[in-house]
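Chain IDs A, B, C, D and E follow the sequence of writing; residue 1 opens each chain.
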Amino acid sequence: PADWANAAEGPIKVGIATDLTGPIAYAGNADANVAKMVIKEINNSGGLLGRPLELYIEDTASNESVAVGNVRKLIQRDKVDMVLGGITSSMRNAIKDPIVARGKTLYIYPQLYEGKECTPYLFCTGPTPAQQCDEFIPWLIKNGGKKFALPSANYVWPHTLNVYARKVIESNGGEVVFEEYYPLDQVDFSATVNRIVSNKVDVVFNTVIPPGVGPFFKQLYEAGFLKNGGRLACVYYDENTLNINQASEIEGLASCLDYFKVLTKENPFDAKIQAAYEKDFPGNFLFAAGSAATGTYRGLKLWEAAVKEAGKIDRDSVAAALDHAKIAEGPGGPAEMVPGKRHCKMKMYTAVAKGGNYEIVARSSGLVDPKEC
Amino acid sequence: MPKAMGAVKQTIPAEIGGDMDAAVGSSGTAAKAAAGRKVLPIVEGVVLVAALLAPLVLQDYLTVFATRVIILALFALSFDLVWGYAGIMSFGQALFFGSAGYGVALLARDLDITNIFLVLPAGTLIGLTFALLLGGFLLLGRHPSSVIFVSLGTLTGSYAADRLARGWYYLGGQNGIPSIAPMSLGGYEFSEGPAFYYLVLGILVVVYLLCRFLVRSQFGLALAGLRENEQRIAFFGYKAQHLKAIIFAIGGAIAGLAGSLYAFHEGFVWPNMVGVVVSTQVVLYVLFGGSGTLIGAVIGAVIVEGVSFWLSDNYRDIWPIILGLLLLLVILFRPLGLISFVLGERERVGSFGVKIKETRNAP
Amino acid sequence: MANAFVAAFEILSFGAIIVLIVLGLGIIASMMGIFNFAQGEFVLLGAYITYLAHAKGLPIWAGMVAAPFLVGALGFVLEALIIRRFYAAPIVAMLGTYALGLIIRESVRGLIGGFYLTVPEPIGGSIDIGAMHISAWRFTIIVITLLVMGGCYLLLSRTSFGLRVRATLENPSLARASGISTPLIYGATFAFGAALAGLAGALIVPVFSLFADLGLRFLIQGFVAVMVGGVGSFIGPVAGAGVIGTLSAALPWVMAPVVADVLVFVLAIVFIKFRPQGLIAGKGV
Amino acid sequence: MLLEAAGIKKVFGKLTALDGAALTVGENEFHGLIGPNGSGKSTLMKCIAGAEVPTQGKVSFVNTDITAFTPTERARAGMSLKFQITSVLPTLTLYDNILLALQAQSSLFDLVFSRTRGALHDQVMTMLTQFRLADRAFDAAAALSHGQQQWLEIAMALAGKPKLLLLDEPTGGMSLEERRVTGELLQPIKKHCSLVIVEHDLDFIRDICDRLTVLDQGKVLASGTVSEIQANKSVQEIYLRRA
Amino acid sequence: MPEFLDIKHLDAGYGRSQVLFDVTLGIPWRGGVAVLGRNGAGKTTLMKTIVGELPAWKGEVAFDGRDISRRATQERVRAGIGYVPQEHSVFARLSVRDNLAVGSLANKDASAVDRVLTIFPKLGQRLDQPAGTLSGGERKMLAIGRAMLGDPKLLLLDEPTEGVWIGVIEEITERLIELAKSIAVIIVEQHLDLALRVADYAYVLDRGRVALQGQAGEVRGNPELMRYLAP
């Protein structure tokens, strides 16, 4: 791709700010890889508006203060036209102000999250609680039972998600036996496991996160929860998290996400991007939904569509176009922004862990509404 | 081996190691010592001039970065005062920094108070109050508290505060408080940039001079004695514990001032800001630069932040490892900090008879 | 009744895990006066070695046996190269070991790609007593912890090694003047503490899975335990670890876990304030 | 009476180090405290200065009961102690060591604004010269030999202008000649200060003290003027007995 | 025949400041040698250099015919040098019992501790007390006892009787005279009489140099002596 039609205007700059180091570096690196892949693909097919894309990647290091400094580099030094990134909600909160308010730039947040982010110029391309619960919880009630326990890590995502989940559970005739919050790094769950077992809970709708989730599932398993027919459910579980426990300890765990790798068997487009990713980035960092890799892909493609439509690159025009952007193909299927809502409709899949792999057991009939803003 | 042990000696009693070259490097000739004594003001001057000129030569985003670094240097100063001068190991200095940050963030969020003349004193006061409470608890009492107790006590305080902040919904939990409105003065809003930079630099210079005055006074000498042997000082008739509590509170107040500036400059506060991560960071600044010299704290903050900024740009995947290695090397080979490249031991510890000595030696 | 039994077992097992982790930390703190911030990373290395053995197709237990020796050897080398310079300045030592820990942790993070990796236990499943299920591996951990504790106690109290170590820490130059080879003693003690951490890592990795922050997770708890127990003896930190471990496992049974979490630390620090010498004043072993 | 310590009992675990010991010192009196090793001399000094809390007994100083006072308060009331084990401030210069001792009573305001510094300079230098340490004024105290550190300690104890000076074996490690000089240095303070001194060297004690108290196994064996003590049978006995 | 301990042209000091200048002295296989000098003359420095706590800057230190100036302290001690330092001469936080145990680490003879306890019965009553809480005199006794337990061939004593009660000094002196019949003893001592009773030979240091040396009687009678000892 040697000559660009509008090369004179210089490249369009895309900023990625994500956790390249720190505890969730596996996710951040996957996101960065996806971005490299997508940008390369766009450049190979002639760039955007006849201009090449240039990628700027900065580390957020799971440390908000480092992140803000680095994001400022993207905005103020590199003068990027758009920033995509941030994985945790706290990271999004920390960097959105420097990007959107002080930095007057467009921000795309790719991760599944608790919703309620309605800042102008901030677009979310990961699943919301509605998308993850609306179809999933009725399935759980049917395939698990009515008695739910909501053990959770104590931060905003589980709190907000649980409010939504509880509503769905109760309106579908289920019952929440208890909802309980733990410090984020709690690793001993004996009291919780005991309550789950002695209350004869059917479904553990888990929002405990690593490092606690591994020991938690193990303790549940050892207490005979699975043996007695209990079902685990966890909406952030993807291919990355399967290895936290031995397969037998999470047999039958159900998850609901916008993409699972098994989809490559039925969906040629998924097979294509998965193969392209693995070819470019063999190794540890998986192309998976829970680490925001799919959201990153979707976000970049939606933005590409918006830029094409707008025909220019200034923030307001692109935002206006992004407001209703659509892509026909993406991980897990098509996606489109809900106009005025800055959130994204997408297909959702329910999968169950069997012997260390997922099997798709249910899928949404169409695109699921994020129901945000 | 004794050689190496002598080199790390800092506040330990003389007997432990085999030799004492660190403490004894003094016996050089008077003339040499007197000449060496001029180094500190020179270093201070150079740093000040560099800081004044920085925004003129730096790109915008670097000025913003430099502002942040200066705020952190102010924070480092607070820790240096407490540890470097009074020998109180505050491994939880972020508690005062962060709680002030949270305090002013709440003022801005819930009460719409952003006036600089209200928020900065408020932040300082919060830092002071927390330091008085924690210091009172840890430092006062029948028995003099051991360095290790105080360090782990403050560490635990900061750790507990971190967990509290994470768990408390009102404070935003894990997410902290984002999008804090800018600090204001009448209609003017301090947004990131040169104005904010010079404001912060001005504050740093004033606080620095105040600290300098304090540690050079007889009070500073009492602190130095305290650092060496608290019990001995008490037997002279000094109210040792009160002196410690006072300096701890002053440190807390400065940390609070820094914390409130930081909150407004960065525009958000989050639990790490009161927690162990930031607490350790400030210790590293001071150790890196050289504890027990005020300028060392400033230099340390600038260098550690600058180097990590640079490393994270150039060695994106392994920069924490490199940073760790650098730290280790400095601690191993320059246990008195980078400042010890230019500053002799005697000048670092200081001597309160200096002026007189020079006149005495004059022909 | 059955419930109470399970509760007691679970609380005990977590207590045992904390004790196991604190053992090495306590020995280094008490005997050498160094609060080793890299101790968590020694735990991590023990876990990593076990994982490696598993990944390379060796039996898990082989990894578990190798871990303390390899980590101990590393500890010996690190002591000679680095830690040795810190004895006279405990605070600098904290920072130095912090930096060391950072390096190890980030390197391991690089090696395992920042993932959470499962390692199966050599003795898996649960022991079923009627309707109760008790984790076989946790039970094993309790047993091994007791054995290791006993062994350490004997080593420190019944052999002259303990005496040499304490003499060396107390007054190194006088120890040398009494014919004790202080460099060797320091090295051996540090290596021993590191080896215990390696063992702890190896044993707990099946429970918590392998991740880079595995050791860090327990570090502050460990320090608090050492303080509560009292520095200067072997028994002190172990007792402190028992108290802190069981307390943090037991409190969530009776109150909101988030409250319990902070409460443990507050209780601990208040306790230390009013009993600075710790549970067991630093005398003897 | 300047100092009255009565019925002082100090128990360490199983050991009773002091068993109803008493000590009275008048104004401008030099009082010697002697006794075999472990008889409780240092412990008694510490109880008076506040470094140990007596199990029982009462200490009054200038007619106030100071039993519950902290060491700081006692120092501020006019007591000054030189420990048996030297404890100077090792990394500070000799000058600063003395200066610290001199300004101990200053108010916080004076400390911060250093108003007394200039005035104290001459005093510092006089002290140092008196104790023949002037040429090392700007060396770290750690660089002194043991004997020199003893000098420095005595100088520091004297510097605070105490009403009562407590010296625990000030001449340890000094030769005969050096002891004599120390004795001479102490004489002039008699005008404004009382002294309690622990010593094993009887000749030295005899030379400078007005009165003596003999401790044995935590109890006062005898107390009186030097000649009374010398004549005392039971005192002579313990000097013959092996400790 | 070479001396047991042979020091030639020794320079030593701390950091950059030199304390000992060209010190040459010889210690015979048996018998006492006194090192005298005023405060700050360099006596302790000399002892520390012999035992290896301070490195020799220049010159040689030969012990039992072998050059030991490069050896670590503990090796010198194991080769047969015992040392009672002037300050910090006990392990303060260890009990008296453990202090003695450290002393007898290399000693196979189980009754040795008992012998020390008969010399210093006071210590027997304090066995479980941390040595740091002993009275000044008791501490000295412990230090001497500890050093004697190592069965040294050369014993260095830096002011062993400082703060010790007259009755006990007498006892210690007798023991040392006894000891000096079978091993070499170097004693730094302010009690001139005591020192010269134990020692057959004496060196007087002045500002780091050997100013005077000779048989005990000669030195005692030397009119210069007092000048070197006065402050």
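We adopt the following convention: contacts are C-beta pairs under 8 Å (C-beta built on N, C-alpha and C of every residue); 3 or more make two chains touch, one makes a residue touch a chain.
Chain by chain, the UniProt names read as follows: B = Amino acid/amide ABC transporter membrane protein 2 (HAAT family); C = Amino acid/amide ABC transporter membrane protein 1 (HAAT family); D = Branched-chain amino acid transport system ATP-binding protein; E = Amino acid/amide ABC transporter ATP-binding protein 2 (HAAT family).
Because the structure is a prediction, the values reported are computed rather than measured.
**Q** Smallest number of touch links from chain A to reach chain E?
**A** 2
**Q** Applying the touch definition from the top, give me the chains sitting in contact with each of chain C and chain D.
**A** The common neighbours are B, E.
**Q** Suppose chain centres are the mean of their C-alpha atoms. Which chain sits farthest from chain B?
**A** E
**Q** Measuring centre to centre, with centres taken as mean CA positions, what chain is farthest from chain D?
**A** That would be chain A.
**Q** Whole-Å distance, chain A centre to chain B centre, using C-alpha means?
**A** 40
**Q** Averaging over Cα atoms per chain, report the distance between chain B and chain C in Å.
**A** The mean C-alpha positions of chain B and chain C differ by 32 Å.
**Q** Measuring from the mean C-alpha position of chain C to the mean C-alpha position of chain E, what distance in angstrom results?
**A** 43
**Q** Quick one: which residues in chain B touch 2 or more of the other chains?
**A** Each of 11, 15, 18, 20, 24, 27, 163, 167, 317, 320 in chain B touches at least two other chains.
**Q** Residues of chain E that touch two or more other chains: which are they?
**A** As it turns out, chain E has residues touching two or more other chains at 14, 17, 53, 87-88.
**Q** Pull out every residue in chain D that's touching 2 or more other chains.
**A** Expected reply: 143.
**Q** Show me the residue ranges of chain C that touch chain B in the complex, using the header's touch definition.
**A** 35, 82, 84-92, 94-96, 98-100, 102-103, 106-107, 110, 171-173, 183, 220, 223-224, 227, 231, 258, 261-262, 265-266, 268-269, 272-273, 276
**Q** Quick check on the complex: what are the chain B residues that touch chain D?
**A** 11, 13-14, 20, 23-24, 26-27, 30, 33, 214, 216-219, 221-222, 224-225, 228-229, 231-240, 246, 346, 349, 351-353, 356-357
**Q** Enumerate the contact residues on chain C facing chain A in the complex.
**A** 3, 6-7, 10-11, 14, 106, 109, 113-118, 120, 125-126, 133-135, 138, 207-209, 211-214, 217, 248-249, 252-253, 256-258, 261
**Q** Taking the complex as given, what residues does chain C use to touch chain E?
**A** Going by the criterion above, the answer is residues 160, 163-164, 166-167, 170-171, 173-182, 232, 282-284.
**Q** Going by the contact rule at the top, pick out the chain E residues touching chain C in the complex.
**A** 51-53, 72-74, 77-78, 83, 85, 88-95, 98, 101-103, 105-106, 130, 146, 150
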